[in-house]
């Protein structure tokens, strides 16, 4: 199933069977592996155990829906012009999940994974965290996973996700380092800083073994599910025309002031 | 929670709590509702029971991965040019899930839901199916959910999904009508026609109560998960440059012949 | 240059030359063919003359910018989350150019081209128009290219575009038929109906020889240019965060009423 | 027309007139400003003169079409699954115009604009170029605008674009600095390096006054035009199904080796 590059065949089929991730889709996957399990299997090459499954499900669930966001507005505006293309409206909503919005998951996961892969095994979390925070400060870059405009001093989602990861004994070195980074940042900056949901997801996903290079995908998959409910809502009770004219009107006023 | 249009607030938050689909995200959802359950909750306004959950998970799982497809090629080619934008590559892969590829789920769900909503309650499935097939034939339109280039006479995914829906007692009037349409089509056309996976998904999703207007979303969400694994694969062992030059070369030969 | 299907090689290159649409890009195109001319060349296989060039430029120019639209809102919201991906924000803005917004160009062009290709050469425009309007009424479908919420009784862009097409002697059978459809519709419906800019573009593009199957592309290309100016504006004076919170606030009020 | 931020109203309309970029669309733009001129007007706030127009047209024209590319493959694969959504296929083709493919225009423009805005006015181009190349080497980053796999030692498009910019007296400090960077890089690396088309576009666009922050938009707009011709070609002579099965087959062989 693997080629010379150690590279898997993701899927193939014959007249009577379908093989996905090296398993028989109908005999071994359908009815026993859940939806989140497919992401785990696709990235980590084995079916998750119950603990891993509950944790990955929680990460995905935490990002499905968060009210009105730039992403849901983009999806609804797109649906207005092209209602025949549900996939186009979902894609428009996903395109803004970049460096500012959901990409911080990737930033946090990368920060933790690079530190733990790269530095001396004997370093303590405090030493690692102090070095990381010092480096971000020197570069005048924001530390991914810290800070929130509304949720202070605690992001309730982050707290709950760390709790679940601990209950399931998935929380490990990346979660511990993220917490140490949080403390070090508050100490060095001398102010309260919230450890937010993308920091928690970046850390827990890292402890699950998900490479930082695709960690942003957790947010993309989650929002693809959430956008479907927004578009159903838009079908039942359209908001896009109202949003359009509200924005137009407030622009008009801005130019008259 | 509902406004005058009977329209829900999908999500909102305060400093210490997040409300999603009318429930407390941290207290009532995280750790207990799974990823597929969020799609159910977002569309149908309640948490699925265990049977409904297993069935919806199966529908989603069945579409996550199907090897090399136009969608995965589009995503990989896009990643080649913009590796900094994982969400862009996923969006590109989703944009082709339209009338030809995944949109047939919508077609099948619509056919079944409109028939069962619209016609006399006393009609038998055979009568309904005969009318549907006759109408599609008269309009020279393909019946959604029937036919497959490889899987003959049975699409193993469709068979397994119907089995799970029956085990969980979710299979109902829409599944029965889909099977009747299958028989009627084979009778009227006088040839074997496979009841394929999108036909099964359209029917089972309808029995779960998912409106046909968003049924295509099941495929879009499923493929967003599958595309993440393809892009991880592309990171580890790039294929896009090879595909590019292979296509270029075969175009060059076509023009020389 | 053409293969057996009569199919052109769109472009190819060697170490020292680039061939595009069968011409030497550096020697024969750059500096002499303009940007709109490339669309003409790509679709119609020859460089436009001065009249055709002025007309095609006008069609494109007319759709570049139209203030705040669902498309520009989608692009700005997407840019907010992923400012590193200008192409993603532009793509999000283009995705809504479907059946409701810009796709009516395609509808108008198709209506005219199918009528003139299909019906008896001896029919008068009045006969053709009466049949077309009667058919749309019978099908309860809106006639593409007619009607406008603001521009009444005349869409000034449509009037100016028809004027330019007449000046350049490009206006032909499709423009005449569009005008006849306009008159027939007003007569059959017994009310004023504006011949709008997409109707004018559909008719004039048809007289230029552009197939209806890609006529919507005129709008897509035009808006891709217009969206760049919107995103530059967004860089200089961001509006997306304000739009986000304005929409959030008005949703909150809707649920409290 | 400008608000307090010095921010323009891009467009607005009344029943009888449309204002775009501060001008009357029908009276002052349609029929006199060409398509490329709208990009200039949208970014630089005035109609280009004939020289500027010829140069900007050339930049756009140079990128419209370059044969089979990852972008055109993505667009064709997307069209296969959703032929009802031309805009979706174009958007898919644009999404890969990121850091690797077209984004180097932005990189080159940024390098030149930041150097000329930031450094001492008395520095010579040779001094500036030596510093730039030294910095890129120290950071182990590729210099944007240099290098090409096929076009050696000269990219004929770059040469032709510089020639046009010189003929029209648009070439200025940014073009001169780009040429100095080219020489300094060849000297410091001790090898031939092609000054490629994106380097030329980045330099010339900078001399036109286009901010580097949107310079990538030139490529996005250009390819949106080129993709329309590819999709027309795909309608006339579909290649996507053949590409799909060719890729599938070569993947299958890779796993059997």
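In this document, chain identifiers A, B, C and D correspond to the written order of the chains, with residue numbering beginning at 1 in each.
Operating definition for what follows: a contact is a pair of C-beta atoms (placed from the backbone, for glycine too) under 8 Å apart; a residue touches a chain by one contact, two chains touch by 3 or more.
Computed from a predicted structure; not experimentally measured.
Two chain pairs are in question, B-C and A-B; the one with more C-beta pairs in contact is A-B.
For the pair chain B and chain C, the distance between C-alpha centroids works out to 32 Å.
Once the centre of each chain is set as its mean CA position, chain B and chain D turn out to be 38 Å apart. Centre-to-centre, using mean CA coordinates, chain A is 23 Å away from chain B. Counting partner chains per residue, chain B has residues 3, 9, 12, 67-68, 82, 84-85, 87-88, 91-92, 95-98, 102, 251 touching two or more of them. Taken together, the touching pairs cover every possible pairing of the chains. Contact residues of chain B toward chain A in the complex are 3, 5-18, 20-21, 25-26, 29-31, 33-39, 42-43, 54, 57-58, 60-62, 64-68, 85-88, 90-92, 94-98, 102, 106, 150-152, 154, 156-157, 159-161, 164, 167, 211, 213-214, 216-217, 220-222, 224-226, 228-233, 235-237.
On chain A, the positions that touch chain C within their shared complex are 67-71, 73-74, 77-85, 88-89, 91-92, 95-103, 239-240, 242-244, 246-248, 250-251. Those residues of chain B lying in contact with chain C across their complex are 1-4, 9, 12, 82, 84-85, 87-88, 91, 95, 251-252, 254-255, 257.
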